[in-house]
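You will see two complexes here that share subunit A, one where it goes with subunit B and one where it goes with subunit C.
Moving on to the complex of A and B:
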């Protein structure tokens, strides 16, 4: 549930525990990850401003969108960015992530001193420095050692593009174990990376929310204009797997709908897809004492031997061969079922294999013309 | 297949021989093997005595659950209680911190009780295995002896400080090391103390390596390096009186590397998470409410013999009894076709049963 995800991020980390980390996973089939990300960002920001959350500040690491877009997003949703008490800081890794402008332009500082909440960061490849910068910024926001801040990473995919899986995983785990960080959330485009990279990020996070299409398209292209793909344009499924403290995994599923004003979540309406199968976990039971429908029908159709078939005819014991009726229609009486003329003293030849055609005693080479 | 083997059999393995263990915590077993306790009495029973000295135990983690930590905690704590030196390595910055979470033996007044469910009048037929009285060969008769070998560890009570601060414990952090050579050297040093060549049984030691290929380690993409490390560790351990326990998350490795690691293990276990509040699972299993996860036993170490171990059941439920004690129980599965999964072979949970089962259709 999106509500419970926001709530766990708001509640943050307990003393001595790792900070809750959310990874929002999307793919090309349902590319609404950023909508979910901004929804959570707005929710958490308004709670920070209202003082209802454990974190008192937020650091946004902006890699795939410009910082001004975040400011606009927050302003549009009624969150006060310019308040007197500084609570947000956006680390601009979008404008110049690899430090090219420094190499081309010889002039000095480009930073805008009037902008209090932005600071630019070069060389995204240096993940260790990124970690220390995030921590310093956060400490600058919230001050002393008891207060906490939260971290939003716009795109873990961008980070994975610039540096290795190991460094991103170590960044996340260092952030999680930092005693001043309350919660972390980040966006990941799962089809841009190898499975192992995605698995590594999932391993380090405590909640994985995946944005899935409503119906999985059959050919994977998504180019058909049927009803299903039209639904995919605005709706989808929001599946969350969260690791609970007792070691169990809470799996929830919701539907979401993207609207111009934002994104809305609703419980699953119809039982469209198959129910989640848990049977992979427990060993398959060797016997089944219940009959399926087909089995019931088949059972009623079984003709029991020796049952009186009741039409007055002599009882034919069905032994798998063709019945007497069919054999009487044959031209040659060679193949057939049991005959009841055993008293006549003839030698009656019963073929062993009934599926040979009669007259197959002929030499099969006869039709060769050599 | 229809015969129900009763557990009371004169051919049951005789585990009650606690003879000639000069050192606390060692038990002699068949084929010249010596066992040390895993810290969990149920696991010792399942494995036929405990972990064999000289073997490599690998535990496959589930990315979604921390159950491997429970197993590690019990293992490490049991070793410290028996004064067996311990080497612990983990990918965190400060492995010593983990030692503070090791469990301590529970107070004797709350012994683990294993009574079947208290519904005396309603006995559910397919849960018949619960109602056999398991002849616990050396638990009831030799209670003191059993406690010497394996303590009931209370996960809520931390181990006393003097066990941890003694120089029995050594910790290594592998977070910042570029490769595994540092860890290999430390292990070699540790294992040299317990070499078997000197004749006679010296004390035993334990090595615990947690989350071996965790993604934040810098060597985690060097698969052949990791494989050769494990191989050399196994070789070194074979000739010493040490049990090495390594946990690793198989989902983070390539399938071939994960398979190779699994084949290298002498004893292979895996832990899995279960979904929370799942109605399907609650219908299929009894005791679902208390379960926190599942344990699968894939391989049991058999050194010095070619006879494999064939277990009656390979899947067990992990429960925390009274929220303190870790127990493993056989699954009580409803005879409803939980189909969709692949069959695990003939040695499943409680799937072998007589035909005379009453069900309501």
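Moving on to the complex of A and C:
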């Protein structure tokens, strides 16, 4: 649920625990991840300003959107960005991530010195330095060692493009372990990376929210929005998987709708909505793997070939061509030697239970009587 | 602006027939990505936008980065469409950056900043524009696949370069138009390169052959995906237009499927 995700981020980290981390995952089939990211950004910012969250400040690492767009977003949603108590800082990794513009800018420094909430960062490939800069900026916002701040990374995909999976995973781990970081959330485009990269980021997150299309396309060409149904253009499914401290995993599913004013969430609208999320986890097969009562009884009655009947009589080998009564009249000399008298070696086979499963630990050839 | 009817391509790109609604250049601040394939070239879309950009506003300017063809090629094509590139160049509205011989230094060599130098050149051209021509600037890249060749196959460098060009749209309100050959990247080791650029694009124009094969009167189909992006919130609505086209000597006709007998 989007509400519970926002609540987890608002409540933040417990003493001595890793900070809750949310990865928002989308793909070109439903490219609304940024809408979710902005929604959470606005919610958390309002709570910070109102003093209702554990975080007292926020550092936004802007890689795929300009810092001014975030300032406009917050202003449009009534969040006071220019309050006297500075609570937000935007690290601009968007305008000049590699320092190319330094060569042409005559003034050199494009940061407006009067703008207190913006810093530019021009070495986006240096993830270690990025970590130190984020921590310094956060400490500058909230001060003392007991106060915490949160971190928003608008494109983990951009970070993965500029550096290795290991660097990004270790950045997230280091941020999570930092004693002053309350929570972290970031956006990842899952179709841009190998599965192992996406898995690495998911492992370092305590919550993974997938933005999925409303209808999955049947053929393989559906990765492009243009090929998908009309409904996929405005709404989709919001699946959240959160890891609890005790190891339990909670999965929820909602529908979202994209509007000019933002994004809205609602419970899944189908009739068996509650079962949809759970049903989605169980693979659908065409046949029933369970046994009914009658089938269980019938199975216990089946006479297995080559198995000792255990009655002391000569072993009847049922070869499938005749009924059991007919073969009773014949003595099979093959097995005769085995069960003559107790003086010689004898194999007596006792079944442990009537419904012993075929794949038990015993040597499956034990019951052969050849 | 020219008094002529808007065709389907114009409408799909955001031109409105109602003059009151229309901005002078609706591609301002947007990145248009044209994807084509071997069977159907999408160059006609670039030519269409190039011509429209001159007619949109008397003080618009175009910076054309040519990796695929020399200027004479575009001169001939646009002349057939009724546009004189030479006179636009003389009046300071058309800047042709010939990148055909560009070969970036290999990584590790000194001055390994080949594409950074190209971006620097673009910025220099922009700085030298007269103030009235700076408002409606369109940067056109033809094409991304050749750009990647010039960058020694480094798709990361190409993506960095496109990111920097994209910042021109958000910081200065310029338009960015680029052509990419989708079938080079659609399968194999690097589908992510094509997808990265598709994520960046505000308007995606996909040119494909007809599913039924070659035809005399219909040369292919176009899908225009126009993301109404509010830069703050993200995508607010998506409009998809599908239609067919026929390339003629002096223009291109666009029509809905099945409306041609």
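Here is the rule we use: the second predicted complex is superposed on the first by the 256 of 370 C-alpha atoms of A that agree within 3 Å, B and C clash if a C-alpha of one lies under 4 Å from a C-alpha of the other, contacts with A are read in each partner's own complex, and residues count from 1 in each chain.
Basically, a residue touches a chain if its C-beta (ideal position, glycine included) is under 8 Å from a C-beta of that chain, and two chains touch if they have at least 3 such contacts.
Since the model is a prediction, treat every value here as computed from it, not as a measurement.
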{"item": "First (subunit B), second (subunit C), both or neither touched by A:177", "value": "first"}
{"item": "Touching partner for A:92 - first (subunit B), second (subunit C), both, neither", "value": "neither"}
{"item": "Which of subunit B and subunit C A:243 touches, first, second, both or neither", "value": "first"}
{"item": "Subunit B versus subunit C as contact partner of A:212, first or second or both or neither", "value": "neither"}
{"item": "Which superposed partner A:200 touches (first subunit B, second subunit C, both, neither)", "value": "first"}
{"item": "First (subunit B), second (subunit C), both or neither touched by A:251", "value": "first"}
{"item": "First (subunit B), second (subunit C), both or neither touched by A:154", "value": "neither"}
{"item": "Partner chain(s) touched by A:34 [first = subunit B, second = subunit C, both, neither]", "value": "second"}
{"item": "Subunit A residues contacted in one complex by subunit B, in the other by subunit C", "value": "none"}
{"item": "Subunit B residues touching subunit A - in the complex, by the definition given at the top", "value": "63-67, 91-93, 175, 214-218, 220-221, 249, 251-254, 272-278, 280-281, 284-285, 292-294, 314-315, 318, 331, 333-344, 346, 348-349, 351-353, 357, 359, 361"}
{"item": "Residues of subunit A touching subunit C in the complex", "value": "28, 31-35, 37-38, 65-66, 69-70, 72-73, 76, 94-98, 100-101, 103-104, 161, 189, 191-193, 223-226, 233-234, 258-263"}
{"item": "For the subunit A and subunit B complex, residues of the former touching the latter", "value": "164-166, 169-170, 172-174, 177, 196, 199-200, 202-204, 241, 243-244, 246-251, 275-290"}
{"item": "Residue numbers on subunit C that touch subunit A, as the complex places them", "value": "113, 116, 119-120, 123-124, 127, 156, 159-160, 163-164, 167, 170-171, 192, 195-196, 198-199, 204, 206, 223, 225, 228, 230-238, 240, 242"}
